[in-house]
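Which chain is which? They are A, B and C, in the order written, and residues in each are numbered from 1.
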């Protein structure tokens, strides 16, 4: 616990207040050399009752990277990301074995509470799920539940998070309106802003664009590129083009196993496993 | 740009108070929840203990076999069948009136009515269901009874017909809305299958929809009958206070609930047989309505249609 | 080969269609019964009440003389009754609904509590009166006070509010729950800051409907022995009181014809209050109906 608390965030200075437009097609794997792992799983297994849903998962995810998780429906990819912040335990019959290390601490250790883990590891869901509250209250929710009440601090956090989520300009005049009045794509970016407000290290995204139209999807993908400067992203996607476009590394899940995990370029252009090749070339799934 | 480090502030705000709240909330909520169980225990304890007191004074056998109910005087008689028959007469009339009307309304609402009409009728039914029973009692004695008397001269001021009809009116909204729920739950594909073969709306309703929704409808009727049995003010006002086991529906009678109200609004000396007889009657009433509620729940659960 | 004689089918068709049409009207007639009764009841009562429903009626105490009898004590008494019933019922029911929906583990005890609540909803109100009489009035020696009657009515409407609150809580989508938990909020933070506020319109609607039932409820008050001839209003919850439905009942039972008109006037006042409460409930439900 001490370890995480004192761990410095090795992040670039955050660009708040201005929206920096960068070349989103730059080769991100090549920019600044070796990165430290943020998540590492050791022989992780998970059962829903008798169903062995995840088998011997050994994966490493690095800081300031976008890691994509792909695979056909029911392969366990959603279950896996939900295990990373222990949301999967909301299902009562779940049983786990093995380790998941978050910055070298096992997340299943009694020393770490799930609440603490989830403030460090934020999550964005498949369908936009804003609270039935104002936009401001949505974004301020995280800091508030963790005891931050000062209006001045909250105002700044809300603005910064909305800017980082690239939606500030669209909503700045109606922060007190209900978030349900926004379009689906805007709602999803408010949900991302809400996840950013507690300044997590990692953001898990579970098919974040599957409920969005193509224009909104592009906006969210652009946003992912921006976010990886400050955060580590682990993104589940059913959309292979998306994985190819945005991610640095890709893991291919199949029937509860990790078939292949490598740089995205390799997975899509030169996969080692026949099943990976079949999947990424659209032969099944 | 940001002057604040949120994660640092979060760490600083961490306290053990939260953990204590988290642990105690479910316990507190559980304790409050147990009040509903205590209420049931209270009802059972009250009815059983006071009824036992009653049966230590009066014969249990007479109570459940005799039809003579004459609780006053030097040698009181406590034969519950006089009151049960009174209740039965009112409830049968109410059911015979309310079931066809309620079901007809449910069929119209679910199979024929336009969405706009439904939006008008449903609130009317809700308002009707929300009218206090004392108001229905007033309506029975001041409107329904005089109207009945003008067309049926043998009927007396207090009678089973007027009370029965008005109790029926009271339970119509319940039958209509619960049955409509059951009918609406039948998937449209079933109706389309029948209509597509050239069956009329009516044939489809009777041969397909009603038979598919039958368990929900029966459950709603059983529940409504249970409500009618427990109904108190209408019968106290319009049915009279003459306990008798006859099948005559034109003259005064007394129901179980009517007896309880009559005795408690007069002065039953605390500790007398009369006082304890309230609880024996209450117990009988409770057992009957409880059994019907259980039956209704059982039907709903046992025959839940899987569409 | 022809198994079906088409002319037979054609011959029967017009009869089937006629039956279909006439039954449609029969069903429609059934639907209008409620409306007809409602209108008749209100018109009949209003006609009886005319001439008796005036300012004096609302400001006078009850009396054995028709000319001077009024509804004042009953209205104030009913308000006092609600002062006890409403907070007690809300506190008990909403907490019960929250426990059952959010915290209760899946086990036999929980099943038992749920069955118990639905059975409590089916217990006749007069039996709740007997409970109040034996426990609150006698055993706890509260007498026929506001407190005894208020608690009895609170227990009576408890299952109604529990069931409607449960439905309101259940209608909050689980995705919203997950969002809160996923940000590191605790269970209680999620319940108190997200779920309860989102469910509150539904909960309030249920509460208002239950309260309007409690205001009009007569049988438990008769059993508890609520008086009808007081000339004072209560000063506290341990005092005796009068109540609107009880006063109406007493007037209906009076042998003199004039008292029926007083009863009618009382009914109009009671129905007006209930109609107002129902409108508020419908308004709340309408205003907040399309949220997700």
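Annotations
The rule is simple: a contact is a pair of C-beta atoms (placed from the backbone, for glycine too) under 8 Å apart; a residue touches a chain by one contact, two chains touch by 3 or more.
Please read all numbers here as calculations on a predicted model, not as lab measurements.
Contact tally for B-C versus A-B: the pair with more C-beta pairs in contact is B-C. Nearest to the common centre of all protein CA atoms is the CA centroid of chain C. Annotation: 49 Å between the Cα-based centres of chain A and chain C. In terms of their C-alpha centroids, the spacing between chain B and chain C amounts to 13 Å. Here the spacing of chain A and chain B, counted between their Cα centres, is 54 Å. For chain B, the set of residues that touch two or more other chains is empty.
Shared interface positions of chain C, i.e. residues touching 2 or more other chains, are given as 186. With touch defined as above, residues shared between interfaces to two or more other chains in chain A number as follows: 116, 119, 146, 198.
Contact residues on chain C toward chain B in their complex (touch as defined above): 16-17, 19-20, 23-24, 26-31, 33-35, 37-38, 40-41, 44-45, 48, 91-92, 95-96, 98-100, 103-104, 112-113, 115-120, 122-131, 133-135, 138, 155, 158-159, 162, 186-188, 191, 209, 212-213, 215-219, 222-225, 245, 248-249, 252-253, 260, 263-264, 267, 270-271, 274-275, 278, 282. By the touch criterion stated above, chain C contacts chain A in their complex at residues 106, 173, 175-176, 178-186, 189, 193-194, 197-198, 291-292. If you check the complex, the residues on chain B that touch chain A are 1-7, 9-11, 13-15. The touching residues of chain A, counted against chain C in their complex, run 85, 87, 90, 92, 114-119, 122-123, 125, 127, 129-133, 141-142, 144-146, 180, 191, 194-195, 198.
Chain B makes touch with chain C in their complex at residues 18, 21-22, 25-26, 28-30, 32-37, 39-40, 42-43, 46-47, 50, 100-105, 107-109, 111-113, 121, 123-128, 130-139, 141-143, 169, 172-173, 176, 200-203, 223, 226-227, 229-233, 236-237, 257, 260-261, 264-265, 270, 278-279, 282, 285-286, 289-290, 292-294, 297.
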